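Two complexes, one shared chain (chain A), two partners (chain B, chain C).
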Partner chain A sequence: MAEKKKLGIFKLTSCAGCQMRLLYYQHRELEALTAYDITYFKMGKRDNLENIKVDVALIEGCVTNSEQIDELKRIRENSTILATLGGCATRSSLWGLKNNKPEKEIEEKAYKDLSTIHSIKAIPVNDVVKVDYLLPGCPVGEDEMTEFLQSALVGRRPFIKPHSVCVECKMKGNLCILVAKKEPCMGPVTAAGCGALCPTNGRPCYNCRGPMIAANAPALAKEFKKNGLSDEEIYLKFTAFSGLSKVYEEVTDRA
Partner chain B sequence: MPEKKINIEYIARVEGESTLDVHISKNEITDLKLKVWEPPRFFEGFLVGRKYDEISDMVMRICGICPVSHSTTAIRALENAMQITPSAQTKKLRRLLSYSQVMSSDILHIYMLAAPDFLGYESVLAMVPKHLDLVKKAIKMKMVANELTEIVGGRAANPVTPKINGFYQVPSKERLNSVKKHLEAMQQDTVDTLKVVASLPIPEFERKTEYVCIRNPEEYTINEGRLVSTEGLDILEEEYRNHIIENQISYSNAKQCRIKGRGDFMVGALARVNNNYDLLSDKAKEAAEENHLKFPVYNPFANTAAQALEVIHLTTRCTEIIDEIDPKPEDTTVNVKAGEGHALTEAPRGLLYHGYKLNEKGIVEKAEITTPTTHNVLSMEQDLYKMIPEIMDLPEGKLALQCEELIRAYDPCFSCSVHTIKANVKKD
Partner chain C sequence: MPKIMDEKELQSLLGLLIKEYRFIGPVRKDLETGFGEIKSLKELVKDYTNTIEPPKYLFLTPQETLFSYEMKKEEITITKTEEQGHAALGDRPSLWSEGIAVEPLQGKAIQQVIFGVRPCDVHGIRMMDKVFKEDFDDTYYQSKRNKTIIFSVTCTSVSDYCFCQSWGTGPSLKDGFDLLLTDLGDRYLIETGSKEGNEIIGKMRLRDATPMELKQKAAVIKATEAKFTRKLNIKDIQQIMISQPEHPTWKDKADRCLSCGNCTSVCPTCYCFDVQEKGDYNPSNMERYRLWDSCQLLEYSQVALGGNFRRERISRLKQFMMHKLSFSYPQYGDFHCVGCGRCIKWCPTSIDLTEVAKDLRGE
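Here is the complex of A and B:
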């Protein structure tokens, strides 16, 4: 039997939710995962091999200290395919909020003595090393995870949905809450993959998956304004989970 | 002896990853430090300036394992700040959500952590060849608990339906009834689980600390109640900050907590059962008696048995709550006003505190969060100080393993506890 491909799952700064979901909510993923030889997965196993070559590396979380930069570079050198696992790694997500204000101002609200706290701005993986595939999601869903794992296994390009949440929402046959109820839904500018989870559950999308590539942020901001949102409220909507992404720049740039 | 101090590998890869450093010289502990190296994320900093209706979705991302706890605690604290009293239906649905998460998390800890430790395996995967039935049973129970979270919350991981003063969408009676059948079917498995856990040999060790949790005389509570302890603490949730003091320590990114005027304390399933045993269901009490478990227990290794016991109770309670409700859409309007609010809940790993100050536009001016593992860190260290001299004669490797097992028994934030605690024990 041919040797299994090696898979390493690594964590930087994150909530561990993507790894968690990968571990314990598995159905079809399990099949895809067992086709690999998992050499590194600290959350799941005790025997982990450091500094060995892997075919596929999945990175959860973004960089918030300098040691992680070194670590990330080592992982990149040792891996054939490197993909982000979820929003934090892809665009620094929620942790990017730290970057919107002076660091000291944010840090001293959490710790009295900053002399022992080592933290830099939140940097997405893509800004440090070359990334082959960006997997959005908070957490990454089962379908997209399975698609990636199977593709990487056979050497095919994974299909990562390029469109917005709206497409999935339409396919579900939901009533558009932005148009019909004037609710501030971020669906039109948010990367698909969740199956339009929030609109299906009676609430506007809050952008947890981050921006769709080539989203038209100003057009949606204009619509929100027409529906009565203040500039400040619009700013909050577009900054919550988008982290360091440039896609919404025209709306979020306050300089 | 500073020159003998073990060099710590900087570990930032796994959430809450900790290192335990112990140095023993001439049969005495000269140094003992439990260091938590998870990189800080500054929630209390960046939540300032955000709007009240964003907070629940944001704080769920504190922890991939107990998003429901952070969401519920934040929502309740914000409701307290704006003097909102949610409906009876909302409170019951929140219970279903929280109970399902505690069940799911307890089952994980019992089978994925404690069982491998006590049965002598490196991981749950290594148990599969010899204990396939046990592992299958665990996965089945976990799936049912997750199914309930998903039906009420819209998604098992990071639920989307909870909001201030209610839910964006309530589950249908049909869907609740379908999960109720699964809950009833797993009842026997929960009783069997306690049997398995009670039969596992645990180290003989006792240290009577103060056990702290919330209590409501009408319910084995998870979501709201007075803060009580085995040493007589009995206060309102808004008085929390006057009694529990948080200190930053130089060698760890996790703070340490103590009770004002006293000292360390333990939170989690054992604290809940030690304080609230009388409120457990008859079925749970019967099971405890059958397995010769008598509470209060002062052995932290018994935390796993307490988890198994509360799973029996919560499974029954969830079926009862489902019978009591027929969810209908309700008015969930929020009248925004300035104020300060605090809330305490029981996350799976123990007491969780959130406090917020809002301005008149509903913008957060101050945020404070204290997690269960922060509450427990000092107690873990104190246990180790007492336990190590009692087992000093063990070879270094075994000594280190029992220290690891003690920390794991506390069920510290899951990711930090699964096989990532490195105990460096050095004897001169």
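Here is the complex of A and C:
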């Protein structure tokens, strides 16, 4: 038996839900966790090895203080393949909400004594180091995580879907709630990979996976407006999980 | 010879089909009607104009395993899907196995009946048959298609989106079906178009339709035809669609286009698919599968090193509309549009193919 590939799962600023996703993993967690030699996974095991070379590194969470930048650079140097695990690492997700306000204003809301707080803007991982694959989602999509973990085992390029959630929604034969019910579904501008989880259950997509490649944000915003959403509601829809993403710039730029 | 049946006889025929075949028919899907597997007659919806999805998903499955293989050093062993009975996908506990559309056929492809296929969709199936038979024999498509009985129903209602009349692909049907039902009000006229259809009807004792009743059918069709509001002028459409690639209507539509791919997913004649590999936690097990693709997606026309032939949204939109109304004719001898109007209805920003054709014609 050949030596197993080493996998490290690291956490920056996040809720740890994506790591939980790996533990609570529809009957497949044992397969996934035994296929690799896991060197670092604080949520999952007691003995963790820091500063050793790994074949695959998964990063959960975004950078919100400068020490994390050093940590991230160190992980990058020690890993062959580096991928983000979930929305926070991919595009700073919910943490990105604070990015359009002064840092001190945010700190004052959260802490009484600011003397030891050194927070910075929420920076996604791929703005700091080179990332090989982005696995977005809040939490990370299960099928996509499976695809990545299986492909990294054999050194194959994973199939990460760059298109819209609509494609997956239609493949499931769902009724389009954006058209039929005028619900504010973000599906047409959101990256696929979740299997259209929310629309399948009758709820509008809320963009937890962030923008798809080449999304047409202004056209959807216009449609939302026609359906009676206010400018503020539209702004929140486009910024909630994508921060101030360039793809949605035309809708979210308020300057 | 067309036969006549009453409500009770129709019920017993459908009941028989449900018992003997995998029965696909129109079922309620929230606010709309869509195709679904039917186990009891009560689930069947009668008052619908057309379904959300075209019946193509039954033959060109949204996602299906082509074959699986095992890699052991230099050696590769291939397992064909026929042997493993299309079950590989369903075995995986994943989100995919929950959707109706991706449900694999258990065992070998089984005999199925699709009831309530509208005439436009029957034409759609005819065009798809040509694509998956004439250019190359696609066994995955054919194995399911060959075991399917098409039970079509003549249209009596018309939606705002329907324009099949312009193509002559509806609201009535001359061939392409196994069974065709026409509602005459208090009776049904049933026609057969194949050996399989004859066998099914042959088991029942039905009387022949009188010339009067055939006239009645013509009257029903005429009444339906009078209801159409949407029209597409198909005169010289092949040239007109490609005559003005710089016309402002293209930019106007492309600004609204979301590139979401809904139009191609709901089109009964869109046949593009992508082929991908899938692994397993056991590194030697691999699987090749195919899944729907769409010309509206950026990655569709991407080649090695990131080159892309249709990087602009406008060129992707042109590809869809021009292929439907122009390129498909020299390619297959058919315009790959049947006038079902789904691409108009399910477009989140209501981009209208017929409107573009009108603008280009300068009407």
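In this text, the second predicted complex is superposed on the first by the 251 of 255 C-alpha atoms of A that agree within 3 Å, B and C clash if a C-alpha of one lies under 4 Å from a C-alpha of the other, contacts with A are read in each partner's own complex, and residues count from 1 in each chain.
One rule holds for everything that comes next: contacts are C-beta pairs under 8 Å (C-beta built on N, C-alpha and C of every residue); 3 or more make two chains touch, one makes a residue touch a chain.
Remember, predicted model here, so these are calculated numbers, not experimental data.
Room for both chain B and chain C is found when the two structures are superposed via chain A, with no clash between them. Of the two partner chains placed around the shared chain by superposition, chain C is the only one that A:178 touches, whereas chain B remains out of contact. Touch criterion met: A:166 reaches chain C, while chain B stays clear of it. In the superposition on chain A, contact of A:43 is made with chain B only, not with chain C. By the document's definition of touching, both partners, chain B and chain C, reach A:202. Residue contacts after overlaying the shared chain place A:73 against neither chain B nor chain C.
Aligning the two complexes via chain A yields an angle of 110° at the C-alpha centre of chain A, spanning the centres of chain B and chain C, rounded to a multiple of 10. In the superposed model, A:213 makes contact with chain C only, not with chain B. Legend: residue contacts after superposition of the two complexes on their common chain; A:246 is shown touching neither chain B nor chain C.
Taking every C-alpha atom of chain B against every C-alpha atom of chain C, the smallest gap after superposition is 11 Å.
Residue overlap on chain A between the chain B contacts of one complex and the chain C contacts of the other covers 197, 200, 202. Considering their complex, residues 29-32, 34-35, 52-53, 57, 62-63, 93-96, 98-102, 255-262, 265-266, 276-281, 283, 291-292, 294, 297-299, 313, 345-349 of chain C touch chain A. Listed in rising order, the residues of chain B touching chain A in the complex are 10, 12-15, 17, 39-46, 48-51, 54, 57-58, 61-65, 67, 108, 122-123, 125, 142, 146, 154-158, 160-161, 163, 168-169, 248, 250-251, 253, 367, 414-415, 418-420. Residues 26-28, 31-32, 35, 142-143, 146-147, 149-151, 153-154, 156, 159, 162-164, 166-167, 170-173, 175-176, 178-181, 187-189, 194-195, 197, 200, 202, 213-216, 219-220, 222-223 of chain A are the ones touching chain C in the complex. Every residue of chain A that touches chain B in the complex is listed here, in rising order: 10-21, 24-25, 42-47, 64-65, 67-68, 71, 93-95, 97-98, 100-101, 105-113, 116-117, 119, 138-139, 197-198, 200-203, 206, 208, 233, 236, 240.
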